[in-house]
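What follows is a pair of complexes built around chain A, which joins chain B in one and chain C in the other.
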Partner chain A sequence: MQAYILRRLLATVPIVFLVGALSFFLMQIAAGDAVGVIIDEEATLEQEEALRDALGLNDPVLVQFARWMGNLFRGDLGTSLISRYPVTSLMSPRLEPTLSIAFLGTVLSVLLGIPLGLLAAWRPNSGLDRAVLFFSVIGFSVPGFWLAFLALWTFAVKLPIFPVLGYTSISEGVLPWLRSITLPAIVISVSTAAVFARMTRTGMVEVLQQDYIRTARAKGLAERVVHFRHAFKNASIPVITTLGFLVVGLVTGTTIIEIVFTIPGLGRLLVTAVVDRDYPIVHALLMLTALVYIYVNLLTDILYAYADPRIRY
Partner chain B sequence: MNIVKRLRLPAAVAIVAGTLAATLACTTETVREVPVDRVVTQEVVREVPVEKVVEVEKEVVRTVEVEKPIEVIKEVVREVEVPGETVVVEKEVVRTVEVEKPVVVTQEVVREVEKIVLKDPRAGGTLRSNFPGMKTLDIQTAAGPGEVATQTHEGIFARTAAMTSAGMQVDSWQASSDGLTWRFHLRDGLKFHNGEPVTARDVRGSAERSKDKPGLYVQFYQDFMDEWTEIDDNNFQITLKKKAPFTLDALADGGATPTVPREIWQLPVTQASTVLIGAGPYKLEEWVPGDKTTLSRFEDYIPSEQRSSFMTGKKVALIDTIEYIEVPDTAAQIAAIETGQIDVLLSVGGDFAERLEKHRDVNLINLESPARRLGIWLQHDHPPFDDLRMRKALQLAIDSEDILRGAIGPAKYWRTCASIWSCGTAWETDAGSEVYNVKDLEQARQLVKDAGHEGYEVKFIVGEYHPVLAGSSKVVRDIMESIGLRVDYQAMDNATWRATRADSDNWDALITASVGFYHPYLGATAHLKKEGWLHKYKDDTGKLTALWDKLFADVYTIEEIQAIAEEIAEAVYEDVPIVSVGEYFELAAARTDVKGFAPLLWNRPFFNVWLER
Partner chain C sequence: MLSGLIFLVLVSSASVLAPLIARTDPTRTNTLERLQAPSARHFFGTDNLGMDVFDRTLYGGRVSLFVGITVAVSVAVIGVVIGLVAGYYRRLDDLVMRLADAMMAFPTLMLALAMIAVLGGSVQNVIIVIISVDTPRMVRLVRGQVLSLREQQFVEAARAVGASVPRILFVHIAPNTFGVVMVAATLYFAGAVMTEAALSYLGAGVAPYTPTWGNIMSGGQRYLQAAVWVSFFPGLFLFLTVLAINLVGDGLRDALDPRLRRGL
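So, the complex of A and B:
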């Protein structure tokens, strides 16, 4: 198992570099560059070219790539073309808001989705099951931005329980921190909770029809024990798979939520960097996304082995 | 309204005459300098009570008590016992001599100067404003501090509410009789936020770094200025190659020359500064890129003694802290000001304006004049718009009301404007405007047919990131199609739009929303010159080029400049370097407890503003 984990960790290095290289060449295809953002609208073409020279954007693509890769091997993610600040210094303060929302979003999704799925599986095709199904369909279908606006209007404007905008760091107190991330976390957790509920329900209904469950029931075990001790562990493997993907989605896909709730997170940074053609930031964020994917997948694989002792690496 | 219009010119002339008379009375200089920009159309002057410094001199009688110590005489005698006999060798005796304890009281008179600061009762608090974002700390970049620099920086000259120029960092200046040498004196007590004094050398260095900044200033710097020298720390001199009637305007042009310290002005303009240091009433406290920018009062700032008017005169930092917060989503901006989580919205879109207008705790501020100009730029260096008939066809087909409604919304936030020069300014004229907004589709179709371009596919590039451009472009596309053209409508983001329009082959038409033509010497007028901008205006008749040359060739009276401006307006309608659509108003909003907030054009000053809470 340890050797397997080590192998997987080592494999991240070439993958991340590959993602970086892919991002580099893809961004070259996009029209325009950071000069259009930096320089005045009425600047002459000569002034634009002078700035392009100074930023090294007129160098051949391969020269730019070699320069960027060289810096990357030295652990330097580069400098923003626009602010001239190191990319790491722009990214690091934005990690906390994004991870905070993703963390609370994940917790809420699990706490809401899995119990709902278990409830639905308890009495399949009952009224309760249909209610959970209704919630799942609505939760999964409603666009996140619409839900975000609705939540903002209801719980920040009409009932001013939560702030309209901004993020409060956990260092300023747990309660203010929770207050600033609760609404966005609830919004992002609705769709993921809906998925969890469906996955859990389906998995449980399937497992509950297996022979060993019939045996357990024949032994006279309480229904609660049958469900939680015998059925749920086996039904949880597809849930774990989904959890992995959804966590990645929560970490890397909070862009809209960050924009609506004015949260200074990584998603907003990525959107701004893409629009401004601030390549070093885009490359670094895409590599970070790749890393998150790899590590969460690794964690998912480890959890498989825990959930199902037959799985060995 | 007509009476006002009729009275505007005589009033302006009277004011100018008065200004001239006052100037002549004060100086014996025989400068033929005509203050072309002294036409006062509106003056928003705010006198803000400031902190008072009272110096009190008082006499203090100090009583000093001196206590004389007790005198102790110590005699040491030691007694040593020898067995069998007692021999006194030494004996220790302590003898205390009682002496008097006289207390000497002296009186000394100390003159103390006490500085009492009578703080304005309105001072204090934190003002929160939305902000489109500061991506770099360099003021010479478009992505730079923008609004932040309004509070943190000052230049040697700045604009008054009437768009005239007034000294900001200079308190006096003098022109030689031939108008070619100008001497300036810096205001006393100017300091940068890093504590260094502002010197004439910094002013020159800052001007040098700004010299390529687009606008009138670059023309002044390149074509008119001969030498800029510092005489000493507080005085500098500018010598001109030829007379420039707009010298002070150029020095105040759009804040082109904010003064920065040596560590910034010595950087090449292609190397962005990573610090923000100015000499304005507020200084940068914290910058979190992409999130917020915090300013605090610069305690060492000494306000000018002049009357406060827009960006000039006395600036008092009444608010303790200004927080600029980047709120990217418009709905969130509106929700934030409605709930009081931000106090000021720097800009409001037409869609939400009516909602805010009805809100009891929010004031919507309509910056009617000068307004923004919506114009269609046509590429002149290739078909179809290299043909005058095609340009005229589009001019005839334009339905300004439709376009402005599509771009902005309710009619109270825009106006049709037949004048090429901004409506509501002293330069407004109807000259040549018979062809403006006539909506003559039939004649337009005929012209397209005559030019042989029926069915031509026009490459129309659209800055879709900008709601006004996106909205107006859709209506213009329909108009083009209605006169027999096909439209290749290319919607793009800012960076792509900028890159695409840089190459004239990439486009035939585009729309911009600019500050327009609010002054013959200022604004976007350079774009109406031959090869003046990206549209590569050809000026086949040479008429406009001759008029521009004439305008910059000599010093004129107001009437003479107005006459040339009218000729320019006529020539623009004749040769159509741009198709003018109309004007829309910049809107800002502030909570009702924000007092003294008087934004104008692109500036939203927060000095002389206070919170009534």
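So, the complex of A and C:
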């Protein structure tokens, strides 16, 4: 097991390097403009050249790349072109809202998706099964931001149960915090719940056709026990592996939802930076989410190997 | 599936015929008729500049469907070509797959936003960006198919009678990937329509006053309390279009992949 973990950990090194190279290359295309973003229009050519020197833009590309990767691993994500603050200090206050919504969203989608999938698998091809399938198609077809509009309009404008906009920190009390993230979390959990429902259902239907299930039934076990104790254990394995992907998906999925609900999270930081062409912020967020994705992915693979001893690569 | 197909035909013909159906210029403001509720005169009401939301939604469909179709076709073509070649030549395979893995580590919307920050927003750039994001996924899919197909006897037979590598790839192997590619292409079609709307909504897509579903919704956001219809109708069209494409995709999958018919 340890050898397996070590091998998988080493295998991420080239991917991380490539991801860094790709995002560096992308920003390299923009680097010419970076000077244009900061400098006054009246600046002379000499001033522009001095700024390029100061930003290290005149060094060879490989030197710039090495310096950037080095800084990244020391935790230095660069400086905003516009506000001149370090990107890390701009990011840290925005972590809490995004993670709060993603966390509640994950919990809600597991609580909604998995039972729906189990319900559908209880009687395959029944009316209930079709209803769940229909919900899941609707769930991943509905645009999150449209759903967010509808939710806002219904529950904040027409029936003022939830605050219309903004975020209340957990340090100001758990209840106001929950109130401010409930609507966004419900909205982002719909599409993920739809995926969970479908995966659970497919997994269950597949597992229920296996021989050991027939044995369990032949022993005279109650259908409930067969489903939940015997089948679900094996059917949940593919669901666990996607959980990682989906959690990362939720974190990035909050981007657009944060804009609708005007929540000051990472997504809002990203969108503002994209519109202002504040490249260091865009670059840092892009690189960070890719790193999170790679390691969450690795973690789920390791969990997968733990959960299913048959799997060893 | 049939209802999905019917809806798609309706939306696309309404968009193509938008200049004939629309009774107003979708880019001309009319301050006398600001924020009017839906009525016989304005089916979907008017926005804050007095523009007819129904007409703008029809025109918006043109951009969305154009982006969707262009992306789906390009991703299918590029993905199949690269996937075939990568799946066939082992050396190339390693390189292409590592690159695809790295590209796929970036979340779709994040990468699209970052690329738009660099390239700038326009219909053309939105298409380029979505193609670049989706292609690695298609390559991976096709390559997986090729890996198992190339070991089969009909490929060996083709090789035995002296068929050239391009002939084996494009005449013998490619047709067998058709089903999987079609199903994936419909998914990317739906995804591209959604991503275009999301980018435009975020102000990182098509130029602000061009009527697209995302732009109209973004414009209507500030008037949510007074005029919910401005955002509601284009969003409804977006939702129904994506739903229709996904239903068609499901139908295609059932029809083309008998192995999945039982499971899903």
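Remarks
Assume the second predicted complex is superposed on the first by the 244 of 313 C-alpha atoms of A that agree within 3 Å, B and C clash if a C-alpha of one lies under 4 Å from a C-alpha of the other, contacts with A are read in each partner's own complex, and residues count from 1 in each chain.
As a working rule, a contact is a pair of C-beta atoms (placed from the backbone, for glycine too) under 8 Å apart; a residue touches a chain by one contact, two chains touch by 3 or more.
If you're wondering where the values come from, they're calculated on a predicted model, not measured in any experiment.
In the superposed model, A:140 makes contact with chain C only, not with chain B. Once the two complexes are laid over each other on the shared chain, residue contacts for A:275 go to chain B and to chain C alike. By the touch criterion defined above, A:180 lies against neither chain B nor chain C after alignment on the C-alpha atoms of chain A. Once the two complexes are laid over each other on the shared chain, residue contacts for A:149 go to chain B and to chain C alike. When both complexes are overlaid on chain A, the residue A:242 reaches neither chain B nor chain C.
Within the superposed three-chain model, A:289 lies in touch with chain C and out of touch with chain B [touch as defined at top]. When the two complexes are overlaid on their common chain A, residue A:252 makes contact with chain C while staying clear of chain B. Once the two complexes are overlaid on the shared chain, A:109 sits clear of chain B and of chain C alike. Using the contact criterion defined above for the overlaid structures, shared-chain residue A:260 touches chain B and also reaches chain C. Residues common to the contacts of chain A with chain B and with chain C across the two structures: 30, 149, 152-153, 157, 259-260, 275, 277. Within the complex, the chain C residues that touch chain A are 98-99, 101-103, 105-111, 113-119, 190, 194, 197-198, 201-204, 217, 221, 224-225, 228, 231-232, 235-236, 238-239, 242-243, 246-247, 250, 263-264. Taken together, the chain B residues at the contact with chain A in this complex read 133, 135-137, 141-143, 212-215, 268, 270-272, 274, 288-292, 325-329, 331-332, 335-336, 338-339, 341-342, 465, 492-500, 502, 524, 526-527, 533.
Remark: chain A residues 30-45, 47-48, 50-51, 53-55, 82-85, 90, 93-94, 149, 152-153, 156-157, 160, 163-166, 259-262, 264, 268-269, 272, 275-277 touch chain B in the complex.
By the touch criterion stated above, chain A contacts chain C in their complex at residues 14-15, 18-19, 21-23, 26-27, 29-30, 137-138, 140-143, 145-146, 149-150, 152-153, 157, 198, 202, 205-206, 248-249, 252-253, 255-256, 259-260, 270-271, 273-275, 277, 279, 282-283, 285-286, 289-290, 293-294.
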